[in-house]
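Shared between the two complexes below is chain A, which pairs with chain B and chain C, respectively.
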Partner chain A sequence: MNEVLEVKFDGWTTTPRLPFVLSGNALCMTVPSYSSLLGLIGCCLGRIVSHTEVQFGFHYQYSTTGNDLETRQRLEFDGRMVKPHAKGTDAYKREFHVVSTTDSAGDLQPCLTLWLNRIDWIDYFRYPIGTPALGRSQDLLHIRFDSVKIMSVEPVSTTNVGGCALPFKSGMQVAGQLVQLADAYEEYERIGAGRKPINPRVFINLSHETNQEVTMANLFRTSEGQSFYLHNWQ
Partner chain B sequence: MATLNNITGALVIDGTAAFLNGAGLGAGEDRNKVVPKVFEEMINGRREKVPYVSAQAWRRWLRNTSNEENSWTPSDLQAIGVSKKGTTNKISTLLDPIAYPEDDLFGYMRSGGNDKSAASDEDEEDEAPTKTKAESVQRTSPFKCSILKGIRGKRVLNVDEGFVHLKENTPLPYSTQFYAAHLEGFFNLEYYRLGQFDNLGSKQELASETVKQYADHLTGQPLGSKGTFRRFTLKDAEQSRKERAAGLLRGLAFLRGGAKQAAFGTDVSPKVLILAGLECANPVFNNLFEGSGEMPSLKIKALQQIMDDYRNKLATPVYIGIREGYLQNEADVKALADGTNVVVGSPISVAQSFIKAHLITTPNE
Partner chain C sequence: MILFKDYTGNAMLNNALQTIEALAGQGISNIDADTLLKLFNNPYRDGLHTLTGLNKRLKSYTMFFSKNGPLFNDKEFGEAIYKHLITSILSNVENEGPYTCELSGLRFKTTFEVFYEQTLRKVGYPAIKINGKDKTVNRCWFPLLGGLGSDAQALPQAKFALTVHPVCLAILQFLPLSAVLYKSNLLLVDASNEDLSKRLIADHVSLIKSKATAGAATSSVENIKDYTKGHYLLRALNILASKERDDTITAFNLWCFTNSGTGASCEIDRIPSQLINDLRSLYKNPSLRPTVEGILKNSKIQSDFLDNLEGHLDFYGLYPNKNSDGVSIHFYEAYQRLIGNGERLGYAKYVAHLLSKEEWNKNQHKFLSKTDAPTSDYALYKSMVYKALVGAASRKEWHWAHHVSILNSPDKIPIDSTISRMYRMVHFYYSALSAEDDVVMPAIPDVSNQLIGQAVNVFFQVMGEDKRNYSSRWLGSRYQEVNPLPLLVREGSRFYDLDVVYALLFDLENRQIAYGLRDILRVYLNYHHNSSLPQLDVQPTNLLPIPDSEQMAYLNKLRDFANEYVAYYRDGRNKGKLDEAKFRQHVLLPMRQDNFQISQWLNNVTENMAGEINKLSGQSFASALSSEELLYDYTGRYNPAFARFALEYLLNQFYHQLTLTLTTVYYGNA
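Moving on, here comes the complex of A and B:
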């Protein structure tokens, strides 16, 4: 592979939710999962995209975290009718990432860069079918029109990466957040039957603040000097 | 001409002296202070507090205003699950996007639950559990919006010191943090999805009982690579799509809502409203305002760049509604109007012009 499709997104907020925490408070991971990003790609294409169709790498960065309060309406059944709960509404805390960093002119800087091996999908990212969002529906992302371009890349064996997720192997000399996640999800064929997790395993999420040296397969460097890990689902 | 698949836009609300969305009490020992929602942004290497209104809050304002402006019957919240104690543990709207425009425009969710007793080791690996207690139904919202965020340079936090007299001569102090801010938001309505419902493996937009109930009003076609999923479309989808999108724009132009209205009386109707029909769904009108002057300004160069980049995907002119005397560079914005590519008027008049030109449903509209 010597060419990839590069796409940059900007926005104000994102919520790369840490899954399996259901205590009422929602927490964020340092970077989004490959399955969420596959969903984001599918949103741009306007259809469900299978992990077998594409390989991609990413760089994600945020500036601060915030805590949103979401109102929860409570109702109670008094034996005869359902009515609002006497104690009123309740609130959940929802952690989110603030990704709106601006330059001196006040223009937004990209928060997410994707590198895909499907250069034939260029028009879907210039003109997406669905509204891109990362996390909750309010975490809208905007694709930077000029950023959607074909970029030449060269494979490298060792490079510095950050703001991405790597499949974890014991002996890796990197620091990050360990999470057990599925690579992707696939739809069951029956309506309403849900989705099947594909290849659950441990990933190490590297924060964008730490640019760490790694030696592994599937590392690439773009002609503009940015390095990334291309996830090939294996 | 591009196809009108999406209606995308931006709005600005004048929140000078406002408390539109609360975040509870102050942190630590500061428990007699009520605070609005705020997050921190990095500006030139330092943290700056930014007041905001969460999307779920202003979507509620928009739902209510749209229902009121169009005399739509609200899709009320109802209890759909009761625990052993008799208390409600699940609620949802009426989940009927055919009868209720609110459900069609804003989506809904009802979580079901797998009947674990049905799952066994004999299940093949590729087979999903076959029995469920209740269907999970969810429609992601065709109307998607950002938070409303204080414009850079136009977001100052203040504190109002007050006293409450529970008994005579025993004044108890309390504080209310509020802001002087102009709040910007952007949105996209996936217009093409109105009146169209996909039933997939992971997302079922119409419950089986709803499909049965409205069988005469729906056409179905197979969907997915193997054709096992279904797409249902209302037979009069084109008509209802226009009516509902027009209703939403009316709600947007007259937006009402917000917390602490008795204390601050903030008018949340948009002072600037930008609308455009687009073939693609990129929410292009984000971050279009700045506040270096006395009043907010529209970044005209950025707007022109957007219009150039998306020229072949713009299905309508760009409608810019501004309240007289609100924008710092009002004269420059008005100079953009050429009648074909850019239409300038008041926020309410541009919403009406957009409806009249692109969403007309009856001769009297």
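Moving on, here comes the complex of A and C:
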């Protein structure tokens, strides 16, 4: 592979939620999961995108975290049907990321950069079908038209990366947060029958502040000098 | 059957596995389902305790699993359900099947719901109630995992619980055996450095075991709640120091959470690799270690210490105060180097030495002996430090290049000479140094290739050219009352364009800011007070700021007016001839000082220019500019003093160039 499609997103807030912490309050991971980003890509394409269709890498950065106190319209499943919770709404504290930073000209800086091996999808990101959001429905993202471009890349064996998630193997010399995440989720054929996690495994999330040297497969450097890990679902 | 070859990515599951490792005394890759079952029935391998019994006694259990699980919520069947359920899960562990556990990646075919229903039937739970009982995976079995009862909207399609291998729920039951508190909630240690978290958990297991086995077999076991972030970090540092391999990258996260009732909550403190490395560099040194330990064990200051070290900020706890003598010089210097203040240490020590050399009266001595002198009376401390520096400069013990090297804002123009960030450091050394300490003057740095160096060199060069000894006014204590503009008009206009002088002395609101410059000039002049001032070449100004577009437009208006006036003076009044001496005598010397006189002069000149030229040539030389445009600066403020300075500067510049050319004072900045 010597070319990728580079897409830059900017916005005000995002919520890359830490999974499996549902009760009490919601926390954020330092970077979003691959399954969330697959959903984001699908939103731009206007359809469900399977992990078999694309490989991608990303760089994510945020300025700080904030907390929202939200009213939840609670639901309850009684074994037969989903219905409003008998005790009504509740207050819920939810962590989110503030991603808005501006450059000297006052333009918003990208919070998320994707590098996809599908350069034929360029128009889907220049003219996205859905409205991309990362996390909650209010965490809208914006794509600058001229930030969607084809970029030449070269493979490298060792480079510095940050603001991404790497598959973790015991003994790896990197500092970050370990998380157990599925690569993707697949809907069962029957509508409403739930979803199946694809390849759950251990990732280490590297925040953007820690640009760390790693040596592994699937590392690339763009012609503009930015390095990334291309996740290939293996 | 071996269940796990490696840890998972789930912090709770990993901590539970590490608890089991500590109990079993073997690594995770050797622990099979039989070992788990044995540990469930005999966790301390002493034949005296069971996990069920311990979990009923441990106060932390309900913080993990709430009171809604069978162990605490069902007096009749609860204990039997709990024992039977965990035993049957551990006796029938699967690693194949259609389901994939989202927490561990293990595959299985018998769900927790099935095990639960079978258990209920076997322990004689009333059949009529079985269907109505919630048997799904929820936070009674896995902390914070949510449940269909109240967190349904956060679960897939609001009607599916998360897919979890039943053995993970059984493994989680061991977690209370390593539970300690952090910020009043339960602690989880989550680290990519697995050995570190494993050893921390093993410590906690020993701690809980000693408490659980000390009292009566049925007495409740209180939570261990005396520890803070500093304590856990200290333990981590100890572990890292004892490791043979030097792990340069070690970050970990301290979770504090509770799953108790309606108060469920979770927060994660991230301890970055850089902070750990900084702490390790202090901890590794045997002479600094006791201080690190003292600070990290002190619950009042350890949090601020860690925050400041992480943010690379100065820390108040290093300094003496009424409760503490402060840290040693050795520790202080190591800390300051870590936060990037290493270069200033030599200066601070030297300034403290100069401060102690100065002769002070009794009250001043008393003031300096206060631990909080710089903050208790900032103005007095500032004046005393400055006095000591000026005194040292006159003895050639302090150079102006030293002075500009310790400014708070060396990149600020107009010059800001504040050095207050040094004060705490200076005062630390003042209190800590003894008379025997050998303090040497720092080497004089070369600052000529820095912005601040160029800025002050421009003034030093102008001063060196002054034949009237105007500069002596800056030597005395009333140096702040001296206006640098007359010297600049008289001498600076020979060498530098108005833009240069303007940017060095005027801020964005067109206010003259010369306080900082005067401080540095005073040091410079005192340094040379016994000899003549050095004669410098014209200084480079390439690093100096350029006025912005609004400022430049206003300066250009003044330039246009000066050009017109020169043309009027030469062509209108003197018929194309210009006498250098007369120009000086008639134009430069009589320039008015008073605001009213300046505006009057401008009005008169504008009118005369128009009348005189019309009369002589029939052409209109009436200025394109009205006097108001000159008298009101670009901020809209009535500012005749500035208009006078700028016009005087430009006309002097023209006068100085008369010997070279008689054509223009315009410098192409239009």
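Everything below uses one rule, namely that the second predicted complex is superposed on the first by the 215 of 234 C-alpha atoms of A that agree within 3 Å, B and C clash if a C-alpha of one lies under 4 Å from a C-alpha of the other, contacts with A are read in each partner's own complex, and residues count from 1 in each chain.
One rule holds in what follows: a residue touches a chain if its C-beta (ideal position, glycine included) is under 8 Å from a C-beta of that chain, and two chains touch if they have at least 3 such contacts.
This one's a predicted model, so the numbers in the text were calculated from it and none came from an experiment.
Contacts of A:Met1 after superposition: neither chain B nor chain C is touched.
In the superposed model, A:Met172 lies in contact with chain C only, and not with chain B. Contacts of A:Ala217 after superposition: neither chain B nor chain C is touched. Once chain A of one complex is fitted onto chain A of the other, the partner contacts of A:Ser63 are limited to chain B, with no touch recorded for chain C.
In the superposition on chain A, A:Ile150 contacts neither chain B nor chain C.
Contacts of A:His142 after superposition on the shared chain: chain B is touched, whereas chain C is not. In the superposition on chain A, A:Phe203 makes contact with chain C only, while chain B stays out of contact range. After overlaying the two complexes on the shared chain, residue contacts for A:Arg195 are found with chain B and with chain C alike. Once the two complexes are overlaid on chain A, the chain A residues touched by chain B in the first and by chain C in the second are 73-77, 82, 192, 194-196.
Residues of chain A touching chain B in their complex: 10-13, 48, 63-64, 66-71, 73-77, 79, 82, 91, 96, 98, 100-102, 104, 106-108, 126-133, 136-138, 140, 142-143, 145-146, 185, 187-196.
Partner chain A is touched in their complex by these residues of chain B: 6, 22-24, 37, 39-44, 47, 50, 54-56, 77-79, 82, 86-88, 91, 107, 126-129, 132, 135-136, 140-141, 144-147, 149, 152, 186-188, 190, 199-202, 204, 224, 226, 228-230, 279-284, 286-287, 290, 299, 302, 309-310, 313. Those residues of chain A whose C-beta lies close enough to touch chain C in the complex are 19-25, 27, 30, 72-77, 82, 85, 87, 90, 93, 168, 170, 172-182, 192, 194-197, 199-204, 207, 209-210, 212.
Contact residues on chain C toward chain A in their complex (touch as defined above): 6-11, 13-14, 100-105, 139, 142-160, 162-163, 190-192, 194, 247-251, 253, 257-259, 263-268, 270, 272-274.
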